[in-house]
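As written, the chain order gives the labels A, B, C and D, with residue 1 at the start of each chain.
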Amino acid sequence: MVITLDKAQPIVAAAVAKAKEIGQPMNIAVVDDGANLTAFARMDGAWIGSIDIAISKAFTARAFDTTTRDLGANSQPGQQFYGIYASNHGRVMIFAGGVPLRVGGKVVGAVGVSGGSGEQDQAVAEAAAAACS
Amino acid sequence: MVITLDKAQPIVAAAVAKAKEIGQPMNIAVVDDGANLTAFARMDGAWIGSIDIAISKAFTARAFDTTTRDLGANSQPGQQFYGIYASNHGRVMIFAGGVPLRVGGKVVGAVGVSGGSGEQDQAVAEAAAAACS
Amino acid sequence: MVITLDKAQPIVAAAVAKAKEIGQPMNIAVVDDGANLTAFARMDGAWIGSIDIAISKAFTARAFDTTTRDLGANSQPGQQFYGIYASNHGRVMIFAGGVPLRVGGKVVGAVGVSGGSGEQDQAVAEAAAAACS
Amino acid sequence: MVITLDKAQPIVAAAVAKAKEIGQPMNIAVVDDGANLTAFARMDGAWIGSIDIAISKAFTARAFDTTTRDLGANSQPGQQFYGIYASNHGRVMIFAGGVPLRVGGKVVGAVGVSGGSGEQDQAVAEAAAAACS
């Protein structure tokens, strides 16, 4: 499966629905297999600074085929990927909210969510990723 | 009027419809009053390098309250804004495809379209802007 | 309320007055609702490197609707926003001195102050924010 | 003479007065002898994209001790400084609106104005520079 615009939009919509349920406006980005932006939505009142972060979380999750939360755990001082955020011209985010999109185990893209606490971002990103099939 | 997500999405959809009619896949970006990204869509097969250009065209059209086509005409060698593309950290685009969104004459945001010829980008952006009301 | 120039200038002046009281020259920046710079002043002898920092602190405080001090506490190694300073192209500052401007609880902009210790920057920024009404 | 904040603010005020007379909102920046920002004001409704341009025009006018209009004339294709806008990390502007501040023939800083046509920007910058004494 390929992340077409028709596939990406329901993923964004699932994220919006989950964010509304939580009651926290979010920025939501979906990237395709090439880690390139395919769809984006900023909910009303979502943090302006999180536009870039949502897109970068999606990039990161596909660029390394991992959740940004797991990458973050490996990027703390003393860990094996400490300093990775200095790479890729500021596009690597190492906290929760970026989740790969998988079909049959294969990564086909990623979703990045930013606008709340790490836990909220992660919950919304997981709801979005679950809508990928 | 404010460019909420509910206002931005039909503008993107109008651009997609026009691009399909023309038969050229496009990247489409909508920014709000603060020139910050609100919605984005990349149609299947649209140029990857045009993702950034579409977002920058929308930024430019709101940042200077003008179409990027008109700004381009004033930014040629010898014209009054020649060299403006060096400003704003690479976010100023000076060819067709960026159009302000107006309600009652007031600029409330902008749309940026990139993926085809200048004429095609402009036609799609104008169709999108016409959907703003 | 909107942060017009007439609203921003007394906020800057309040910061200057507080900085003089403390005896430490400061750079002071005010951004509006769109996180865009509205007014700036560098007091005589204030650090040159803090010009950019003051502007970025104001951007950050509005971009995330938080003080940069609180954001900093959440961005330490092991915390939920660790690595956030890599986002937004170098414009995110995570130490004290950036404070949202609020009217009736709603964030309408932010002030950023840089030129002294974190405590001094914070004190001046709070004095400035208190002048927003 | 040195461009202190007390010297810079009346220069900004002179620019604001001239811009009001012309009826075009402007961004106004003053830099000191070191080409570093000292004071800035964005008039209500002035173009967001011109914030960066006003600051860069002031930088350029002091960095090369010339008006940006004159530098622009020498930076057209085929001229001796063609391509200079690629230097200094995007801070060189080569169209009208940047004017050195002089006292007794010596350059002590510069003013940069952006928000209207080249002619308008230049007129406002000259009115500002005339207030430097």
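Simple rule for what comes next: a residue touches a chain if its C-beta (ideal position, glycine included) is under 8 Å from a C-beta of that chain, and two chains touch if they have at least 3 such contacts.
Here the structure is a predicted model, which means the values were calculated and not measured.
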| item | value |
| --- | --- |
| Chain pair with the higher count of C-beta pairs in contact (C-D, B-C) | C-D |
| CA centroid of subunit B to CA centroid of subunit D, Å | 29 |
| CA centroid of subunit B to CA centroid of subunit C, Å | 31 |
| Centre-of-Cα separation between subunit D and subunit C, whole angstrom | 25 |
| Numbers and ranges of subunit C residues touching at least 2 other chains | 34-36, 89 |
| Graph class of chain-chain contacts, one of line, ring, star, complete, other | other |
| Chains touching one another, given as label pairs in label order | A-B, A-C, B-C, B-D, C-D |
| List of subunit B residues in touch with subunit C within their complex | 33-36, 89 |
| Interfacial residue positions of subunit C with respect to subunit A in the complex | 34-35, 59-60, 62-65, 77-78, 80-84, 86-90, 92 |
| Residue numbers on subunit A that touch subunit C, as the complex places them | 47-50, 52-53, 56, 72, 75-77, 85-86, 90, 92-96, 117-119 |
| Touch list for subunit C against partner subunit D, complex | 4-6, 8-9, 16, 34, 36-44, 48, 51 |
